[in-house]
Amino acid sequence: MTWASHLPIIVVLIPLLTAYITPMLGWMDKRICNPLVIVSTSFAFIASLLLARSVLTRGVISYHMGGFAPPFGIALVVDYFGAYMCIVISFLTLMAAIYSREYIAKELHESKTAPYYTLLMLMTGGMMGASVTGDLFNMFVFFEILSISSYALVAITGKKVAILASYKYLLLGAIGTSFTLVGIAYLYILTGTLNMADLSVRLASLYGVGRSSWTLLVALAFFMVGYSIKAALFPLHTWLPDAHSMAPSSISAVLSGILIKVGALALIRVLFNIFQPEFVVETIPVTSMISWMAAVAIIVGSLFAISQVDLKRMLAYSSVAHIGFIILGVGLATGYGTTGGILHIFNHAMAKGCLFLCAGAIIYKTGLRNIDDLAGLGNKMPFTMAAFTIAALSMIGIPPTAGFISKFYLGLGALETGTWSGWVFIGAILLGSLLTAIFYMRVINNIYFKEPLHREDVQRDETPLGMLIPILILAGGCVIFGIFPRIPLSLAEPAAKLLLGI
Amino acid sequence: MIWGPDIFILAILVVLAIAAVISRDLLVATVIFSGYSLLMAVAYVQLNSPDVGFTEAAVGAGVTTVLFILTIARTARMEEDGS
Amino acid sequence: MVNFGFLLGHYNYWAVVVLFLIGLYAMIVKKNLIKKFMGLNIMDTSIFLFYISMGDVEGGVSPIIAHGGGSDVIYVNPLPSVLILTAIVVAISTTALALSLIIKIYEEYGTLDSDRLVELM
Amino acid sequence: MIIISCLPVIALLSPLIGGIIAYQAGKISETARDLISIVAAIVSFIVIVAMVPTILNGNTIEYSFYYTAISTLPIAFRVGPFPLFLGLVISFAWILSAVYSHRYMERLHSRNRFCLFMSLTLSAVIGTLFAKNMFALFIFFEITLFTSYVLVIHEETPEAMAAGKKYLFLGLATGLVMFFGILLVYLQVGTLDLGKRGILDGVHGNILYVILFTLLVGALFKAGMFPLHVWLHSAHPIAPSPASAVLSGVVVKEGCYVMIRILYDIFGVNLLKTMLVSNWLVLLGGLSIFFGSAMAIRQHDLKTMLAYSTVSKVGYIFLGAALLTPTGLQGAMVQIFHHLLAKSALFFCAGALIYKAGIRDIDQMAGIGKKMPITMMVFTIAALSMIGVPPLVGFASKWYIVLGALEAGRPLAIGFGLVLMLSSLMNAIYFIPIIINAFFTGESEHGEHKEVRPDDVPLSMAVPMVILAIGIIVFGVLSATTSVVVIKPTVNAMMGL
């Protein structure tokens, strides 16, 4: 089983190599791009599952590239959290790739097919890399790969607004990049290493030591700002609604479903892997600060979502709220809370991915984006709309969907803190859930219970099968993992425990 | 610890950066920026990093400037008034 | 309490801070989209300068074997240079993408002023 | 016995699967659809009946998906006497309403959807009844909200949508409050199991009051108790009549059931007695009785009046349960049983009037008794039971509640005696004139049911009504026997005696 020990690098290399092959093959025949991408993401998905299995049986895997031991060589470190993220990333990308086959044919000009898949694979490779890397600068590089490809993907349709949205995204993203680069520099000055495990050991001796602890704080602040932009944490979310609503829907699903979660992953890595939990929780209450920001994000994001008329924009604002749920859970830094936050990464990825794919299917079939125009779609596209409803219920957190389980864990985590702010946080979680219900129920009511404008127009006109299958798989996942939450929890729980050191 | 570049170079860098930012003519700004990059490359070499210095000279002063000039050629040369 | 000698002795870092702020200022305050990215480049180069400065050692020489090697030669830390080479590539690709978007925006909207773009959106 | 332990799941799944099959069948044949949904309800009923011997032997039936949910909180079922008793009645009432809706619904749109969501609601209600822990209970409780929401807004008119919105969002909000309470309980004691009487024993301090308040908010909303009744009088009347019967007869009972489980299983009698909240809860029940009756008197729309009457009857149930005495709880249970029969019958009658004569208003009912004798006879029996006329089952429940109040203490008993008298009087005020009007007044000149021929509703609608009326009489007469055989053991199990 020698190849199994190379799994950490395999999951990164599969998408990256595909990204290089795709344009070459695409140059010969465009039709080959999609099967190629689907096959390679399937392999990446299987590899991620195997990786998760070996992490679960053997514990954290450290892989040294080129055989150089850290801190000199670049290390890939796959812990429970990294393996978990790999599964989520490859799974959702696989769904988006299957969906793209028919969707892209209509949405994009033929000449853009190969670039589209190339960028998609680059982005996936970047996300996978950021999840498994154990080196801070390496993380920066992977982040750049995924960011730049996502900027391009947002603009790929070439529509007026999409380009502007992409520009806005790029501008803020570039600021975020620079900030993280500065943060890395500070840590490097202090410790002389970039390996995360090494950093955490060396930083531990610096806590509370005069000037260096101030330097640490500055570094932490730069990281917080930089990765908060990538994760679209309020108030640095301003790029998200434009970018996610203007991108092609398959890309929106990936962006909202996992890309911002990779930003959250970076925040978590910085907070808990590089800095020690005791430092960020007790010495300097950074976690409680980001929890407050996340609580505001939940409320503000939901309120903005309520006021939207455009379906995809509403979904995008809903992502602002839900990244708030994730960060809030992580920031609570309690066993239940962090588990809930990590679990919600998975649950939100499925639900939001499904919702964006459904929105794409609606646009594909009818060209409608406005929520008020959706009347009668329940009869027109019954399966798509049923999937939409299930995913929306999961977003609200209605049992037995997966969203309920994460809400349960987040609520327990908030109460577990035992402080008054915990009660405020649970208030934010519950209120956020209610507000989420308001805007999703509006859509559901429009779809099912509103007289269509022209009744005779309503005929059964379902989404093509190639697009429907990923939608249904994701919607099914929302229910299955609500009834069997132990499957994601088997990774999420040890991940949270490992991060918190409990 | 750090004695590398003359303080003079750094001062000029700052002046050039400010000049590049406040210039309303984008072409002028680009030229100033090119000079800034070149000087920055010198600073890198002074700091015992010749490899970065060469790269910066090629990429920062060269490619970036060309890209900026190409962009300006295809868009507007002057900054518009904010009003 | 404040060690002025320390502060003045590290004028590289002061230059880094000033340049970083100039770049950030340009990115946030300037209305012209091209100018914003000129600001980004200034900001990035200042960060590179930061890395290079911290890698430098008093009396050190470039980590090139041409000096004859030997244990008495103090080399500067090569790692920051390597990192910066990567970062320069990243910065140029970001800039290239941004500028191509800017050209597209100008074709579509006929302006590069961010205030007017917000109105047109 | 594996089969026996699977029975709760079968009872839950048969309406679920039956509903989905019926939905598909409905696209081909309407009759087939209704047959399938009736069969599903009957299967569910038979399965619940099959559980009776085991329970009577003093055992409980348990079924868990141990490996599916969070380790300490499996989605599990446990059937004891009380859930079984309620499950029997509810699934039986469901058969009747499925039969009833066959003809009633034929004039309305989206019949397949209606049928599907009726079945889903039944499934969710049975899940709530049989849930082993509060976690599973809450899951089914929330599902009921959504499935019954679809029933409320069935007409899709702006009023229906508004009523549905109120129902849904208040339900969600109170559900979240209850969810908060559940989290508090779990963090305090690390379990949510409903099998042990009083899992909160050993917890002290103000947190208990917070838990009691938050949990009851959720349960009392669904039950339609006084301060949280605001949705009930708009949501129940606007639904199609079979759905109204189900909502008022069954879904409200689900709330009452959850409320009783909270009081007796989460808190337990001893803890509640030390918390000194009994009197306040009784007061709340009394307020609900008064308020519901008073508002019912003012109504002209028959279904709205019935909905307000539900508010007052739920007050009885709550009051009986809050007395914390065996007889009081017994009264509450009989009241649940009675109200389920009588209110379903009344809504069926109201539906029959709408179906046959298009009457919604009380004032238009003059003389209708001569044209629709069966309907109005059923109406009369159910209404008399509501008022509490002796041989009927409604009397028994009031009787037990009075006895329970006596057990609880003299001042309470006197106070409650007054409440009871007054409310019975008020019930009489709003029911008796309708009956007199219907049977003994001539048809008003601008009566809107002139075209109604003097035949009654179709057989498939008449039979369920008549069965309910017979049930009211029979169980009223046999109330002494049934209470010994069924209710007493149940109560003893609940009280831990």
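In order of appearance the chains are A, B, C and D, and numbering begins at 1 in each one.
Keep this in mind: contacts are C-beta pairs under 8 Å (C-beta built on N, C-alpha and C of every residue); 3 or more make two chains touch, one makes a residue touch a chain.
Since we're looking at a predicted model, the values are computed, not measured.
**Q** Where the CA atoms of subunit A average out and where those of subunit C average out, how many Å apart are those spots?
**A** Going by mean C-alpha positions, subunit A sits 29 Å from subunit C.
**Q** Between subunit A and subunit D, what distance separates the C-alpha centroids? Give it in angstrom.
**A** Computed value for the inter-centroid distance: 44 Å.
**Q** What is the distance, in whole Å, between the centres of subunit C and subunit D, each centre taken as the mean of its C-alpha atoms?
**A** One centre to the other, that is 70 Å.
**Q** Measure off the straight-line distance from the CA centroid of subunit B to the CA centroid of subunit D, and report it in whole Å.
**A** The separation of the two C-alpha centroids amounts to 78 Å.
**Q** Name the residues of subunit B that each touch 2 or more other chains.
**A** none
**Q** Using the touch rule from the top of the page, what residues of subunit C touch 2 or more other chains?
**A** Each of 80, 102 in subunit C touches at least two other chains.
**Q** Can you tell me which residues of subunit D touch two or more of the remaining chains?
**A** Residues: none.
**Q** Work through the pairs of chains, note which ones touch, and then classify the graph as line, ring, star, complete or other.
**A** Here the contact pattern is a line, an open path with two ends.
**Q** Return all touching chain pairs.
**A** Chains touch in the following pairs: A-C, A-D, B-C.
**Q** Inside the complex, what are the residues of subunit B that reach subunit C?
**A** Answer in residue numbers: 1-5, 7, 10-11, 13-14, 17-18, 20-21, 26, 29-30, 33, 36-37, 40, 43-44, 47-52, 55-56, 59-60, 63-64, 67-68, 70-72, 74-76, 79-80, 82.
**Q** Hey, which residues of subunit A end up touching subunit C in the complex?
**A** Within the complex, subunit A touches subunit C at residues 137, 140-141, 144, 148, 151-152, 155, 158, 160-161, 163-164, 166-167, 170-171, 174-175, 177-178, 181-182, 185, 188-189, 192, 194.
**Q** Flag every residue of subunit C that touches subunit B in the complex, lowest number first.
**A** 9-15, 18-19, 22-23, 25-26, 30-32, 34-35, 38-39, 41-42, 45, 48-49, 52-53, 55-58, 60-62, 64, 76, 80-81, 84-85, 88-89, 92, 95-96, 99, 102-103, 106, 111-113, 115-116
**Q** What residues on subunit A touch subunit D, complex-wise?
**A** Going by the criterion above, the answer is residues 393, 396, 398-400, 404-405, 407-408, 411-412, 415-416, 426, 430, 433-434, 437-438, 441, 445, 449-451, 483-486, 489.
**Q** What residues on subunit C touch subunit A, complex-wise?
**A** That would be residues 20, 24, 27, 33, 36-37, 40, 43-44, 47, 50-51, 54, 77, 79-80, 83, 86-87, 90, 93-94, 97-98, 101-102, 104-105, 108-109, 117, 121 of subunit C.
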